[in-house]
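Note sheet for the following structure.
The chains carry the letters A, B, C and D, assigned in the order they are written, with residues numbered from 1 in each.
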């Protein structure tokens, strides 16, 4: 069956369920059930979408039946369809994790609607083919994230939320003016059309400058150097499930936007724009590495690993060759999965020990073996140890960089894996090995098991993602092909 | 006119950033207000200021102002209204809890380094 | 915000209705002249704020016994529903339909699904703006 | 049968181990595990006749065919030799561990899982033809080694050693991965065989040398070459069976394997010869020299292993010379390398087991407390003596043969004339000889200090006695092999060494039997090796006898200069140092972060604007300046001024409202009535909100901002303003393509049935924006409600999930 609106379902279904949840503010059980149903339906839709994109190519619909550059076009290529699917998967398990961890008070105050609204925004940003519409979706996901980060109103949350909102308000303002600049020059907002028109005028200097502005705008959200500084403290403030969602998804929207604009719009002065991107991405990796080693707080360690990963992905994008792009796509989805898993896992560690300070932990492997081994697998996955999920992405990115003659960059990428490994293995050594420092707080073992379920599932999915590379490969190739050749995207959108 | 507006927008941004960098929470929030005003004016300017009539169909008028930026601004205005409201309340709650409006005293401590 | 100024309260009631009617007018004018759901909604909000200033919160809740969160949700549903209607016809999302009708009483009327959408916008604006003001005003 | 699957047999078996361990308490889990290496050894031995004739066998299991990544088991002389070592020594080690590891006290479930995991990993490393899966198994050896070293995870030293070994070997692994990726670019394949076939073309590729160096980093870290050897002594925290197995017989030889395997590709390069031979010899010397410094039995053995690995490495490097010089003596070196590798595995495995036995039976490994054990532990002594003498290079033990071949090869290096060897070549035999002297010394030191001399049983934690026979079986078997090999070297040569040499230098020989080397114990009085050996024994004995006199000299080396200290400093730096670095810029103040952001943005953009010639000012495109516009601009600037300089809260808020109204006025002037209307209403509501929210805030205060603060803020904000203006002017002056807006003007009436274009855009053309913009508003509503109403209280700083 040919459903022309199919690609909208992963956006609209969560949106719809979020509205419905507003009617059941006090009924926590109803909220939980409806949230899961909504996410499950979205997941079905997104898988269906992937299948459709695989067989029929890029899906696009111009809303309101207006011809392409005039209405808002929504476009699902393989890249965005996969990101949408990953987003929903992670959210699903984080929501399950929330059941036993977030607390009834938050659940009664729009916790689930906020998550669903945020997913709406994220999936919208991944899918939209219109630059201003992307701004709108950014705002949807941001305002939902403001609600999530501050919900509960704890002292630390409030302190960090105000900074978080401030940074994002600024970046939104710059986003809007950047779109305005671009509109002034090319007179259009449709992303495919922008690409065509920039090609038409052969990307003059002013467009390259605007390219850097876009990089800065999305870089603030994507946490690249030197724009990431706000992130580590802000992300550490909200409860773990929120941190997991932020860490796994939010920065990736920025990364996606950079990837999209740098493969679709600004492809005529690569020697300048992509070189710039590459240098920043390498600096991002280094900055992330410093942070990942500097702190003995489990949250901080994983949070800084977000920044490293962002650098690695963008480094792949900056190569602008098939290997690099394929690797970037591969690594991006890997990182979303593994970060979701890791945040949930350290959440459990914190739950079990009652602290996030590594120095106060020890000897957990004796009492919590499954947690330890699950964590270790996730840690190795993050560090790109084969056959786990991070491996192929890193290999392809490095390959792409060598092919582009960026030797030092490639070696930094490889060496960064070591730092990543050191930072996460430290958690294993301190928390799981050694001897118990002080008595563990009394915990309900049923809750522990309920928390473990989503964690184990996420790790299993990431393992399957690595081991099953071969089955994913055709999808990755499709995704990378569109990124490598803008004309595929353009033709799909402006076909009439 | 674009020249004047561009400089005006520059002044708005300068003032906004200056306020945002200050230590007083209220000033910071006032700064974000100026920031959005600046952004909205900029969109308008980028569309061109030459139109002689509002973009409403009336017989005989052909030289409209560019309607698209206006629509974008309208969207942006409403969004900033929502965000400002959230920010205001957040600031207000934060003050209630932390009893300070000095941004410098709101340092995030890197716990457990 | 407890006030017992009778003159203020009476004036407020009158002005409320004037502004409210004006907002409805603006709302309907939207498709052809300046106005629309936003401005309409915001004006209505303004009218309610005026009432708030004259009376206290509790009284307002008695006069307007709505759950504004639910009103917001209904508005969203209305807007989404209008847009999503096109899914059932398998035409691109948001494809509006319009037609002219000759209705008794109203005479020649143009009905446009965009109006339906705009009324969703109106409801959301009123609902959320009042939610915000009520929350802040109700907090001590 | 697809024998590639056999690689996974141990790890599949490992899945059962915890189950067996939990359910069957009466029998030591090791007995079940023992089956695996034994069966594998038997199976793989059946390949011997095939490879003896220069044949090979391949079995493949696809993993990621679209990238050309597969699990390929390629069995030729070299991989078979290693496979047999892994399974053979593996069997003996498991047998030994049955008696060594206490069934009651130790967590045998985990122990054997790790050990079996390692076995799979090691088989995978030596059999993989595909570089990517080779890398996979390579890292798996690092991981299983990490887990085994950290087996007693409550001990600080175990954790430290585990991390150290992992850091260094994984680092090498990553560099090696880089080499593999480069090779795949150069040769467009991940298959080692195919790469070898393309070797002549690869040499001229610009990435050749880089790939070579990266590959060697992998090999050197794994095989504990200088300066990466420092992890090996710390790895001795592992249970002794592990030390015997991983850290002497097998895993540390993975680097040797790698060098041997890639010799056909890189061997012809002078860099290769110099690096492999040079680093090998340096390691040989360094390890043997510092072995005498150690006081822990296992540490002596660890340093000895380092040194012996260096020896094998240098032989492989020297063997590569045969690509340039046809003299038979150079082919000799490769043969000697493989020969010594086998011998070393046998005698060192045995020695480690003895060290474990001593530890087990006396409760200490401190050589200063030991002595005179010969009388109570005669069997152990015999085995130890055989091993040590073989290590020292004395007849009638296998070590003598390979050691002598080594010395011959080093002497032969003098005759090689390429690559500056004619100048520096003389150094090789000298270093080799000195190192051999020290090797002799530490061998004596190990066995004599422990078993001979004074009895100091009162210093021992437990009263010593001979170990149970079960524990002695494995070392006795190894000792027997050491002697046996001495008498039948050429059988071993024919069955195992020649096929391996053939695999290392496939282009030089037609088949293994074409390798014209016949090992003899006696070469006549003319042989250089003989005299060198005599010299080694003489000087070695002298050194051994005078140990008490010169051992204190080691203390002259300041600790701060040691490599270990370098590693420690790096790790410390990675914690404390990075923390300090991070604190330099992570001030926790949002202002700092925003300063970075704004400064970076404005400076970059302004600079690029001029760098890219993007700044254009074209006044012609601008609309005429109007009176109302200009007046309103002045009003706006004044209001902005009020906002910035206002002294009171109220004034500032009202001034902000003034800015908003004046913006609304601009909307009127520039023909945007909808905007003006909306802006007016919103501004009013906003001001009301501001007043509501800030009624409790204190009066405006600068909170002690200094002049300098303000100055910095001003500069940064000015540059942001300038940036915005400049880009705006440039963008407006370069309107290159007309806007799509014309379409809306044309179709609003006909297609959309509307008159107010802006509104129609909002509800129709771009209704999607509006749908989500009201969503933003709705979320803002619930967010405010949530913030005001919900106050989860918990006491700080307790954390999550309460």
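Following the convention adopted for this analysis, a contact is a pair of C-beta atoms (placed from the backbone, for glycine too) under 8 Å apart; a residue touches a chain by one contact, two chains touch by 3 or more.
Because the structure is a prediction, the values reported are computed rather than measured.
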item	value
Result of counting contacting C-beta pairs for A-C and B-C, higher pair	A-C
Where subunit B and subunit C are represented by their mean Cα positions, the distance between them in whole Å	25
Rounded Å distance, subunit A centre to subunit C centre (Cα mean)	37
Rounded Å distance, subunit C centre to subunit D centre (Cα mean)	63
Subunit B and subunit D, separation of their C-alpha mean positions in angstrom	49
Shared interface positions of subunit D, touching two or more other chains	579, 582-583, 586, 588, 590, 594, 673-674, 678, 682, 685, 689, 693, 724, 728, 731-732, 735, 739-741, 744, 754-756, 762, 764-770, 773-777, 779-785, 787-789
Per-residue overlap in subunit B, given as positions that touch at least 2 other chains	20, 25, 38, 42, 45-47, 54, 56-57, 68, 74-75, 78-79, 82-83, 85-86, 88-93, 106, 108, 110-111, 113
Sites on subunit A at which at least two other chains make contact	15, 22, 63-64, 71, 74, 132, 136, 139, 143, 146-147, 150, 153, 155, 163, 166, 170, 177, 180-181, 183-184, 189, 232-233, 294-296, 355-356
Arrangement of touching chains [line / ring / star / complete / other]	complete
Partner subunit B, residues of subunit C touching it in the complex	32-34, 38, 125, 128, 132, 135-136
Subunit C - residues contacting subunit D, complex	26, 30-39, 42-43, 45-46, 49, 68-69, 72-73, 75-76, 79-80, 83, 93-94, 96, 98, 110, 112, 114, 117-118, 120-121, 124-125, 127-129, 131-133, 135-139
Of all residues in subunit A, those that touch subunit D in their complex	15, 22, 63-64, 66, 69-72, 74, 101, 103, 105-106, 108-110, 113-114, 117, 120-121, 124, 132-133, 136-137, 139-140, 143-144, 146-147, 150-156, 163, 166-167, 170, 174, 177, 180-190, 193, 197, 200-201, 204-206, 208-210, 212-213, 216, 220, 226-227, 229-230, 232-233, 239-240, 272, 290-291, 293-296, 347, 350-351, 354-356, 363, 365, 380, 385-387, 391-392, 395, 398-399, 402-403, 407, 410-411, 414-415, 417-419, 421-422, 425, 429, 432-435, 451, 469-470, 473-474, 477
Residues on subunit D engaged by subunit A in the complex (per definition of touch)	62-67, 132-133, 135-136, 139, 143, 150, 153-154, 156, 159, 162-163, 166-167, 170-171, 174-175, 177-178, 181-182, 184-185, 207, 210, 574-575, 578-579, 581-583, 585-586, 588, 590, 592-594, 596-597, 600-601, 604-605, 608-609, 612-614, 616, 724, 727-728, 730-732, 734-741, 743-744, 764-769, 772-773, 775-776, 779-780, 782-783, 785-787, 789-794, 796, 798-802
Contact set on subunit B toward subunit D in their complex	1-27, 30, 33-34, 37-38, 40-42, 44-58, 64-68, 70-71, 73-75, 77-79, 81-86, 88-93, 95-96, 101-104, 106-111, 113
